[in-house]
Structure formats: structure tokens, C-alpha cells
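Below is one structure, written out as C-alpha cells; the observations come after it.
The letters A, B and C name the chains in turn, as written, and every chain counts its residues from 1.
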Amino acid sequence: MLDVKNLRKTFDGFTAVDGVSIKVAERQIVAIIGPNGAGKSTLFNLVTGHLRPDEGEVRFGARAITGDAPHDIVRLGIGRSFQRINIFPKLTVFQNVQAAVIAHKGYGKRLWGRSAELCRDETQALLDSIGLAKIADETSAELSYGAQKQIELGIALASEPKLLLLDEPTAGMSATETRDAIALIERIVAERGLSLLFTEHDMEVVFQIAQRIGVLHQGRLIAEGTPAQVRADPDVRRIYLGGHA
Amino acid sequence: MTDPSFLFGQFVSGLTTAMFLFLIASGLSLIFGVLRVLNFAHGSFYMVGAYSAWQMVQWLGPRTESFWLAVLGAACAVALMGVAIERLLLRHLYGREELYQLLFTYAVVLVLGDFAKYTWGTQQLSVPRPPSLEGAVQLFGVQIPYYSLFIMLLGPLIALGFWLVLSRTSAGRMIRAAALDREMLTALGANTGWIYAGMFAVGSFFAGLGGALVTPVRAIVPGMDVEIIVEAFIVVVIGGLGSLWGTLLGALIFGQVLAFGILVFPGFSIFAAFGLMAAVLILRPWGLLGKPLK
Amino acid sequence: MSARRIPWVLIVFLVIVWIPWLGSRYYTFLATDIVILALFATSLNLLLGSTGLVSFGHAAYFGIGAYACAILTKTHGLPFLAGLAAAPLAAASFAAFFGFFCVRLTRIYFAMLTLAFAQIVWAICLKWNSVTGGEQGMPSVPYPDMDWMAALPLLGALRVGEKYYLVVLVVVALCFALLHMIVHSPFGRMLTVIRENRERAQFIGIDVRRYELAAFVLAGAFAGVAGALFGIFNRGVFPDLAYWSKSAEVLIMTLLGGMGHFWGPAIGAATLLFLHQLITAYTQFWPFILGTILIVLLFVFPGGIVGAIHAFWTRFRKRGPRA
């Protein structure tokens, strides 16, 4: 489904991503791990069109999407959430997700009609499936971090993606929050038959749900394979797992 | 019209204008570079500098050094005023959207404009040239006043001074760091408040200095604040907001555009000025010598 | 709360319709001024409040609309409706061209380019003597043909200025209806989303530049209508209608009323014009007062008048039930 070949991106002499290639098959869950600054977010930005790669190619299905604009890539079926909270602060939870649904369905060009009335059912259904229905009318900026992360997910799902890119979905969460978030993500992915590519810091999460893992270090993919393979890889143990079994 | 000495005369006039513009625009660029605030009131500081210089000349009386004392005094007064405005009012707006900061500086323009009108009236004022710089020199058939030569030399000297301080001193290092990443600097324990106040003081000082020094050459009149700020904007946009050498280059280019624009057709200068500004923003928004945007 | 149910807008409209019959030229004059500038300010708010775009050059479209209408009706003798139609078309065309370049930039650079383009428009108006009348402008732009009004009851006794006020009111009311529709439409919601988080907007499938350009063009068009109406009201079209100080004026009006609310700019326009009239009667130092008001606004009431009322109302509501 997603085929990334040899992506390279340099900023002012600093190579953030250096010849990274990775594949995500349909309905597959792939994790990218690596220490801070390894280039995970840059990789996501390159894949989703937020940045233009200096070299390399990104294919989604049969289509080359290298360097395409983010809004085009989203329309093709890739949804993305962000590491830092990136929602629409002054809007309510409902409005956040509703806006994304309206944009996805193409109603955004309409100059008439009340936006508040549009796509209410779809939005409600989506909120129900993520568990945000109770707080639907709260202003999103005032909610807890965990709730805002859920909104992030909701907005990404509103575009009916076939591939989800989640950038550190459990960043800053407690153990319980992480457990709930991962359970939610697993359920959503299974229910909708999505492919998932995510970056993570939390090793437990990664080894729990990922079917394949890629290890990024200083912009390069130093290992790639099943969780067992990655665990056993000597380079990975040396650089990243630091001696943990 | 294509008489070489006439062209040379225009060129010299363009250089003089450029150096005045540089004095004012450098402060504007500096304040933007470090504080990320586009100070509309910079032209007002220039105007207050001019009026203050005139006032001090009146108080000091006809002594040989009174002009220079007045210039220095005026620049210092404007610097103090600038610091007061920054510390008492502007700094409370730093966390907010840029629009609020911009509108605040515009409010200052309104207030200072009327303050000047109230204090000094609407009549044109002027200050005589300092006796030490009266007279002119003949060069290529053109009379170049000594005062203009002085201004033409002062510009590059100040630019050099800025550059030396910014690149060679530890204070300069901190200023450059503040321009790049103010949060990091606070985290490192530096007192950003002093840096901002200091930068605003320096920027205001040079605006006031420019205003004071222009008094023998141009009339001191209400509206000079608005006229100069528009020109300063054009200069910093062309050169690159936050770039010292860019401001100098922008000033030089704009000075010549103003000088030779009249030859094309009257009023060409305005078109050329804003056309140049638009062209730079369209083709190369960070200016000739600025840093590329994200 | 019952205050929401009251149709404020309808009430205000019905009240201001009767102003000509008060018989005061002064009130009619002031009302016409306020109504036109309310439209101008609300058009700016489509950029500022709805989309989060700060334009320093909105007066350009005001001026273009004014000149377009004046040139058609005065120079070429065409009827008022032709001028009124041409104004938004001309303004929108320029907005499309300028906006194309402006939306490629963000924040301060966007603002600077809008300013540069506006000053170019001003310079053209100032220098193109044969078409725009140059520095002298185009005085005495003709009123629309309002003789047909004499046939209607009540309207026959009105003076020209009062009849024109009614024309202005109808046109502006229509524009406000359209603007209200646009702001509350799905398109308007997309603009809000862009304002809230430009980056995220891209990632929900919005071509941000295209939407911003659309907003820019629409805002320019409505500003053009306001300009056309103003040129006739002002008894002349002059280059300073496009000058940046006019852009600053309308920006302040919008902020004063509150850019977070649809009717904020209109309230700001009314307030500012009232204050201007009041204060210039006593002193020539209006800029000083305006500057002070602006500073107070920025520090104490960033949400403008509507924002302040809203905050007060919310606090009042929270206290109410407990007492």
C-alpha cells in the first residue's frame, strides 16, 4: 500500500533522513522507532507532503505521491495525526471532527447553507466510535491532553483514510492512558481494515501491536523486520535498546 | 539631461538619502530581527528626534558645539522614550498575536504625532548646519556639501560598528542568539528582558539620531513620521528584514531609485518604490540578503 | 438565555430605516457614513476574523470600487446600477490578481505585500490624471436616479441625501445578508478552520491557498461595493480612499467592535464614527484620542466591544442562578 524508496532530506547540511526505504502492506501495522532526533517526524512530513524530499520516491498504491501537496495526499486516503496537539482550539470537539468530515465530503466549496447542520450523523457516529460523544460540546482547547489526542485521531479518521500515520500517539500519556489509547487504535484499525504506520517511544506498545518494526537512527534505517528480528538485531541492541533483553 | 555632472549630482543625492534611510532603517531591522516586532512608530521616533534636536538647539543657544550636543541629546532622549514604551507597554503584548503588537506601534504613531503637533505646532522648523560642516567641495562639476559627505561616511561607519559588535562581542553573540531562538535563550538563563529593552533602546537611538541629523537638510514638519516609515519599510523589505547589510544595500538601491526616478517621469519614484517592494516580496520575500523563510 | 431569542438585527434595522424621517440632515449623513463603513469593515473581517489573514491594504479595493463606479457613472454617464455592478467586479479582479501573490506568503510578509499592492493602486489613482482625475480626484459623482421614489408614499417628501440613505441601506442590507450566509456556510467553516490551525487544515484535505484567495476576492468584492456607495455619498472620489491610513482606519474599526463576532465590525464602525464626530467637535487632537483608545483596546479589551459584552454576559450568567 505504501512504498517509500530511498527518501533523503537535508537541512542546511544536516541530513535528517538518509536513504530511508520502508513498505506498509494492506492491513499491516508497522512501527518506526528510534531515539529523539532520529528523523521520525521528518519522515512523516516527507511522506505526507509537508516537506519535499531531496531524493527518493513515495508511492501510495499505484500512484507516485512524492512532493504532492498535503491536501492532495489526504484526499487519496492517507490520514495523519501529529506528535504535538494540532487541533482547532476554539472549536468544540464536535466542530473539530465535523469540519474534517465536511472537508472530506467536498462540501467546503459551498457558500450557502449552514455548516452547523451538515454531516451531523457521520460526525456523531465517528465521535461514538472513538468514545468522544460525552464531551462533544466542550471547547477542545479546554480539554485534557488525552482527550485532545483522541480528537487528533478523530480528525484523522474523518478523512476516511486507508492508511493512518500516527506520530507518537501515546506521547506524554500515563500508563493507563496509553493502554486505553492503544486499545482504541487497535480496535479502530481492525474495524475499518486500515493500514497503520506509527512512530513511538514506548517499547512495550511497539512490541505489543506492531507486525513489523523499522529502527531509525540518525536518519538511517538501521534495522527492519518482525519484532523478534529487531529485538535480536545487535546494532539495535547496542544503539537503542541499550542492553534490555 | 544626460550631462555627466548632473548624473553625478543625482548619484550623490541618492547616496545621501540612502545613508539617512540606513540610519533609520537599521534600527527598524534590528528591532524586527530580535523582537520580531515591526515598529511602525520608528518613523515617529525619527520625528521626535528631529523636533528634540531643534528644541535643544533653541535651549543651548548659538554655541559652536550646540548642534552636536543637541544631536546627541536628542538621540538619547528618543532612546529613553523607546525603552520606556517597550518596558512599560509593549512587552506585555509579546505573547500575543503579531497584529496586536503592530497595532500598538501604530497607536504610538498616532499619539506621538499629535504630541509633536501639540508641543511644536504645525509650522515648518529647521536647524542651521553646524559651523564646522558648512561649505561644500567641488567634485566632477558638482557642489557636494561637507555635511552630505559627513552623512555619507557616517552610514558605513555605523554599519561597520554594528557588525563588529554583533560578531565580535559576547553581547553581540547573545543578541544574535536572541534573534534565532528566544525561548532557548530564556531557558539558558539569559535575561531576555534586558536584551529586548537594550535592542529597542539602540534601535530608537539611531532613529532619533537620524531625525536629529536630518534637521539641517530637511524641514521639520508634521507628517515626516509617516513619510519616512513607509520609505524605511521599503528599504528593509528589499534588503531583508533583520539583515544589517541587507538594510544598507536596500537603502543604497532605494536612494538611487528616488534620485533617478524623477528623470523617468515625475511620480515614477512612488511606483518604483512600491513596485520594487512588491517584486521583492513576490520573488524573494526574505529580501536580497535576508535568510530564506521556512 | 432569552437575550439570544430577541431578533436584535431586525430591530436595529427597523429603527435605522426611520432615520431620514427625523428630519435631520446631520443624522442621515452620519447614518449613511456608518452603514457604508460597517459594510467595509465587515468585508475586512472575512479576512481578519474568519480566516485569520491580516491585510494592511484593504482600502485598495474600497478605492477601486469607488473609482470604477465613478468612472462609469460620471465619465461615461452610465446608470447607477451599472456602476454598482462594476465596482465589485473591478475590485474582485484586482483582488484575484494581487491575492494570488499574497496568499503565497504568511503573516508579516503577507501583510507587507497587501500594503505594497494597495500603495501601487493609490499611486495609480494619484497619477493617472486622464482616467482618475489624479490628485483632484473625481468630484460630484452623480447620485442614482431616484425620481421614481417620489411616486411612493412617505418617500416623496425626502431630500436627495435621505433618499440616497435608503438606497444605501437596501444595498448594504443585501450585502450583509450575503456575507452572513457566506460566514455560516461550509465554506466559512473551512475559513475558520484555516484560521484556527493553518497546518492542520491542509491535513484535512483543504487547499489552504485556494480558500484564502477565495476569501481575499470575496472580501475585496464587498469592499468594492462599499467604495462605490461611499464615492457618491462623499460627493467625490479621491486617491486617499485607497491610502494605507484608510486601511488602518478600517482595521481599527474591526478590532474595536470585535473581530470574533459577525456584527463586531459594524458596531466598531458605528462607535468609531460617533466618537470621531463627538471628539472632533471639541479638539483637533483626534489621532491622540484614537491612539489612546486603541491602546486601551489592545491591553484591556482585546475582544473588542462585543468581546467585552460577551465576557461580561457570561460572567453575569454564571453568577445569576446562585443568587
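Just so it is clear, a residue touches a chain if its C-beta (ideal position, glycine included) is under 8 Å from a C-beta of that chain, and two chains touch if they have at least 3 such contacts.
All values derive from a computational prediction rather than experimental measurement.
Trainee: How would one label the connectivity among the chains shown: line, ring, star, complete, or other?
Mentor: Shape = line; chains linked end to end, path left open.
Trainee: Identify the chain whose mean C-alpha position lies nearest to the mean of all protein C-alpha atoms shown.
Mentor: Per-chain C-alpha centroids compared to the overall one single out C.
Trainee: Centre to centre, by mean C-alpha position, how many angstrom separate subunit A and subunit B?
Mentor: Whole-Å distance between the two chain centres: 49.
Trainee: How far is the middle of subunit A from the middle of subunit C, if each middle is the mean of its Cα atoms, in Å?
Mentor: Comparing mean C-alpha positions, subunit C is 43 Å from subunit A.
Trainee: Roughly how far is subunit B from subunit C, centre to centre by C-alpha average, rounded to an integer in Å?
Mentor: Each chain reduced to its C-alpha mean, subunit B and subunit C end up 34 Å apart.
Trainee: Which residues, counting only subunit B, touch subunit C once they are in their complex?
Mentor: 38, 89, 92-93, 96, 98-100, 102-104, 106-111, 113-115, 117-118, 226, 230, 233, 237, 241, 267, 270-271, 274-275, 277-278, 281-282, 285, 293
Trainee: State the interface residues of subunit C toward subunit B in the complex, per the touch definition above.
Mentor: 48, 54, 101, 104-105, 107-109, 111-113, 115-117, 119-120, 123-124, 126-127, 244-245, 248, 251-252, 255, 285, 287-288, 290-292, 294-295, 298-299, 302
Trainee: Using the touch definition from the top, list the residues of subunit C that touch subunit A in their complex.
Mentor: 181-182, 184-190, 192-193, 196-197, 199-208, 211
Trainee: What residues of subunit A sit close enough to touch subunit C in their complex?
Mentor: Residues in contact with subunit C: 48, 50, 69-71, 74-75, 80, 82, 86-91, 95, 99-100, 102-104, 107-116, 118, 155-156, 158-159.
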